[in-house]
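Both of the next two complexes hold chain A, though its partner changes from chain B to chain C.
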Partner chain A sequence: MLIGAVLSGLIFGLYFTLVGLGLNLVFGVMRIVNLAHGDFLMLGAFAAFWAFHLFGLHPLVAAAAVLVVFVVIGLPLYYLVVPRLQQARDAEMLSIILFFGLAQMIEAATTIAFGTSERSIPGRVLGTGPVMLLGQRLPSAWVFGAAVSAVAVAGVYLYLYQTRLGRLTRAVMVSRDEALATGIDVHRVSAIAFGIGIGLAGIAGVFAPFMLGSVTPAIGPEINVAAFAVIVVGTLGNPLGTVLGGIVYGVSLMLMQTYLSSWANLLPNLLLIAVLLTRPEGLLGRKVRRA
Partner chain B sequence: MLRRALICLFALLPFAAARADSGPAPAEIKIGHLHASSGAYASISMPVYTALKMWVDQTNASGGAFVKAYNKKIPLKLISYDDQSSTATAATLYNQLITQDKVDMLVSDSGSVLTSVAVPIAKEHKMFLFDPTGTGAPFFVDNPYIALIADPVSTIWPKYIADFLNDDGVKAGIKRVAILYSTNDFTGTQANAVRGFIKNAGKLDIVYDQGVPTNTSNYTVLINNIAAANPDAVITLGYTGNDIAFLRNLQDSGQKFRFLFSIYPGIETATLLKNVGADGLNGLFTYVTSAAYEYKPEVGMNLEQFREAFEKVGPASGVEFGFNAIAGYTVALVLQETLAHADALDQESLKKAVFGLSGKLKTLDGTFELDEHGAQIGEITPLGQIHKDGKNVKLTVVYPHELATGQADLSGK
Partner chain C sequence: MKLRVGDAVLAAAVVALMAVLPSVYSNELLLFNFVMFLTLSQGLNILYGFTGYLPFGYVGFFGAGAYGFAIAVMNYGAGPLPAMLIAAAAAVILALVLMPLLRLSGAYFAIASLAAAQAVYQVISNPALEQVTKGPYGVSLTGVFAPRLSYYVAVGIMAGTFALVVWLRNSRFGLALQAIREDTVSAGMAGVSVVRFRTVAWLLSALVAGLVGGVFAWHISVFYPDTAFDVGISIFATVFTLFGGATTLTGPLLGVAILYGVYNAIGITVPQYFQLIYGTLIVGLVMFLPNGLVSLLTRRGIRVP
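Up next is the complex of A and B:
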């Protein structure tokens, strides 16, 4: 049971890396808290659901389409909201309120449009039967979700460390003011990071019907709690620390389900409290956080 | 002359007193209700609300509901607030319905979680609570202000599961049972009940017995842990989202159990079929509700008529037909009959009228029957088994034998 729980936790945790990745990128670059992150993920899930049921689109194709569409949506949304927000004295706090409102609007609009029923995509679309790994049975959809997450993490890493725009993004993450002083177009860099963050949420949403069983317009808040646990554990503001946070979250959740199942829903909050009390800068610490 | 006048006066006195008690007829009967348009309980709450609203609209179109206390039809006003599946919000709104809106009849939201906050508030205000589907057994302990309308109380739901396993199951070689339940009033009470029935009979071993939070959405590890305990029968007790996630994870894992029971495939069959598919439901045991078993109603529409009427309003608001829609309509019929039988509109008279209907009111949900504590004991839930029928499924009643429409298949296919 222990090996099964740890292995499942690793795979499940990799998916939650993808869930938290976009949120952490947005916070790292802009120092704003996107509380609508879970609702963008939910929109990605509904997009994949309709793409499959109306056009028979495979989730991988849907993920590529969702990434493009969500990045395109994210750019104007950034210019509409974030620059004004950052003029405020306490942008971080105000962002929580503003994006909370946005999250409520998205959930309400989706509920009006599609109703409250659970929606999902058949699991066979991502392969039939379980995948055997070290003698353990794992759903093929989980392995798919984890693989896509690994690709997304690699993509973000390559973007941040191998492209000019990525280097500029890291410069903004270190110090927005200094980046401005050196002539970096901070808003352009931030807008692209914001778009990518929302796009990553959308991709995570495409696989949510497989990882969470089904989706409803109301999944956003719970996703946010898990995503916050992942990024705080991994180091807030460091997108790549999210990998560690996701794995810690996934393995802990599966161990809790195995040995203390009734208390498993306390886990995100326990992790948050434990990390904030013992290592507030996250497991990877400040040096990494500053890119 | 004076004597005749006095006789007339005394003869008319009871009528005058009755009129003075009831006062002038109200312009409308206010029905207070909560629904959840979003959140975890939206899928069980919205069908109840939609059916209730449909009945109010239909009743008002015909001039209102007949109110015996005033011997006339009076229009209904449904005041229903959205608690968004939040117990904290629901608590505030229940108070508002009672103290600000001063509703005549109070109907709680669906399910035990959102009903649990209504119970103490209604009791404190001495307001009689029409409880649609909040089946938690603690609601009916030392509480004279409640009646469970459309579902049997949780403690008797799983009786037929346990009886079947202890009877037919043991004969077929079933010895080891696993129980997995969500930790809330609805499924927690059922888990306690089924555990008790099995232990008391002493014929089966419970080899796995775990609770999980109601918001659990992945069961892969739990399924592997259950399989490691090598049970012949698995009983899972959760809400719609739990059942969907469990059954999808089970399909993905490739694990099979000879007997697998789940609640919602028999309650919200359309939703489960869409999300799990006919293959995933094939062979599964579940409760047979009035959505799949046709009772002969003496009041209101029958199953087909109601389904047809609901399909005109439900899908337009994204709400699918299922047992919870029937539950909403059953509440409506009980409200209607209560108004038609109550001598006055005070809470004690309403309660008396509701209990007076017990055992006499037959709706499309079966016989409405309350025990002395207000717990529903008439609308039973036989045990059924789902069989794949092309892309669809059909439900066969397998227990109790006197209601059975087919034989149980314990091959675990």
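Up next is the complex of A and C:
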């Protein structure tokens, strides 16, 4: 039972890394809080749902399409909102309120369009029969979701550390002002990071029906709390710390569900408060705070 | 303290209006909801407007008050007025427990306070505590049901809260709080006791929410944890305050009158359209009018109560 809990914890940890990654990238680069992150994830889930039920598209195809579309939406959204926000005295605080408003708009529009019923995609789409791992039977949809998450995380790592644009992005994360002074086009770098952040939320959304069972237009806030727990545990502003946060979150969630199931939904909240109060800089601490 | 007359007159006028309305308008529940949100947004204004801390989890204190009242009545057979004291105490105790959250700032505080409110909700609604809180099945307090009396108690709490805001706006204490909000270090250097002042504002703000929660439990008398800890309550109070303009008395009043009015006109039948409208309003507000409606006047140099 313990092995099973830890193993499924690792799998969900990888998935929750993907859930938090985009939020953390946006915060790390722009120092704004995208409180509509959970709602972009929800939109990704609905896109996957309709792509499957209308056209029979495989979630992988849907994920690729969602990534492209979301990045394309993210770029103009950035220029529309963020530069104006960053002129404000307390941009971080105002960003919470602004993106909260955006989250409300997305949730309301989705509810108007599709109603409040729960949507799901049958798990057999991602392979039939359980996967045997260390003598544990795991649903193959979970393993698939975790694998895609791992690929996405690796992709972000390659982007940040192996491309020129990624190097510029890290420069902006370390110091926005100095980056500006060295002639980096901060807005261009930030806009791309914003697009990628939303795109990652979309990919996480495509696999949400499999990992979370079903989705409704109202899941945004819940996802936000989980994503925040993950990225705060794994150091806010450090995209790669998210992996550690995701795994701590996933494993402790599964351990709670196995041994103390009636209190399991308390976990994200308690973890978040506990880490914020004891180590607000995250588990990785200051030394590796910035990418 | 130099009291500006406008503040006191406005506060007294609204209190008088809400006290008289039940005798000419029969939908008492609607009036009660207005009183509730008028008070809650001013309570939130005490914290957000004067210290800059935005408590997304403000509803946690409201819920603690409601359940403090309910548990006192259900499990200890308390009368409504002693139960109101328990409601206030529950919220203040919760605020004391959550005081370490004040070490966080900005976004961290907002999110941590939301997480704290959710945690309290999950404890209270947990089926394992059914003996004490009735868990997710809700409470029924029909024994103390007194709609008229509880309405006037709510108006009394509203009057007290308005007085508190007027005092903050006209006292050295309120000025010190705003100095802390603007620049903590400078305020500290000028001799303002940053931690103590901030704590007082936090406790006062929680006290208001706890009292409103208690009187809500009394007036409604049958409710569920989902109702008492509905994050929508935090959201409404926040949006109303921001929409009108924080740190003023007028702002939150305007916000409630306009937005909650619109909500009752269209929001109850088609909530998602209302949600769409207020989402759009929030985005537009932050982009174009970050200091609320009253800033249309204040930036022309006109003083608003």
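Note that the second predicted complex is superposed on the first by the 291 of 291 C-alpha atoms of A that agree within 3 Å, B and C clash if a C-alpha of one lies under 4 Å from a C-alpha of the other, contacts with A are read in each partner's own complex, and residues count from 1 in each chain.
Criterion: contacts are C-beta pairs under 8 Å (C-beta built on N, C-alpha and C of every residue); 3 or more make two chains touch, one makes a residue touch a chain.
Every value quoted in this text rests on a predicted model; they were computed, and no experiment measured them.
*Asks:* Putting chain B and chain C on the same copy of chain A, do they fit or clash?
*Replies:* clash
*Asks:* After lining up the shared chain so the two structures overlap, which partner does A:Val81 touch, if you call chain B first and chain C second: first, second, both or neither?
*Replies:* second
*Asks:* Is A:Asp177 contacted by the first partner chain B, the second partner chain C, both or neither?
*Replies:* Touch partners of A:Asp177: none, neither chain B nor chain C.
*Asks:* With the two structures laid over each other on chain A, which partner does A:Leu277 touch: chain B (first), chain C (second), both, or neither?
*Replies:* After superposing on A, A:Leu277 lies in contact with chain C but is clear of chain B.
*Asks:* I'd like to know which partner A:Glu92 touches here: chain B for first, chain C for second, both or neither.
*Replies:* Second partner only.
*Asks:* Please indicate which partner A:Pro139 is in contact with in the superposed arrangement: first for chain B, second for chain C, both, or neither.
*Replies:* A:Pro139 sits against chain B, while chain C stays out of touch.
*Asks:* Which of the two partners, first being chain B and second being chain C, lies in contact with A:Asn265: first, second, both, or neither?
*Replies:* Touch partners of A:Asn265: chain B and chain C.
*Asks:* Go through the superposed model and pick first if A:Arg119 touches only chain B, second if only chain C, both, or neither.
*Replies:* In the superposed model, A:Arg119 contacts chain B only, not chain C.
*Asks:* A:Val33 in the overlay: touching chain B, chain C, both, or neither? Say first, second, both or neither.
*Replies:* Touch partner of A:Val33: chain C, not chain B.
*Asks:* Is A:Glu107 touching anything from chain B or chain C once the two structures are fitted on A? First, second, both or neither.
*Replies:* Touch partners of A:Glu107: chain B and chain C.
*Asks:* Go through chain A and flag every residue that touches chain B in one model and chain C in the other.
*Replies:* 107-108, 111, 262-263, 265
*Asks:* For the complex, give me every residue of chain B touching chain A.
*Replies:* Residues 36-40, 42-43, 46, 85, 183, 210-213, 215-222, 224-225, 228, 240-241, 244-246, 248-249, 251-255, 271, 274-275, 277, 317-320 of chain B touch chain A in their complex.
*Asks:* Provide the residue numbers of chain A that touch chain C in the complex, in ascending order.
*Replies:* By the definition above, chain A touches chain C via 33, 81, 84-85, 88, 90, 92-98, 100-109, 111-112, 221, 225, 228-229, 232, 262-263, 265-266, 268-270, 272-273, 276-277, 280.
*Asks:* List the residues on chain A that touch chain B in their complex, please.
*Replies:* Touch residues, chain A against chain B: 1, 4-5, 8-9, 12, 107-108, 111, 113-120, 122-123, 129-130, 136-142, 211-214, 216-218, 222, 254, 257-258, 261-265.
*Asks:* Quick one: in the complex, what on chain C touches chain A?
*Replies:* Contacts found on chain C: 52, 54, 100-101, 103-104, 106-108, 110-112, 114-116, 118-119, 122-123, 126-128, 231, 235, 238, 242, 272-273, 275-276, 278-283, 285-287, 290.
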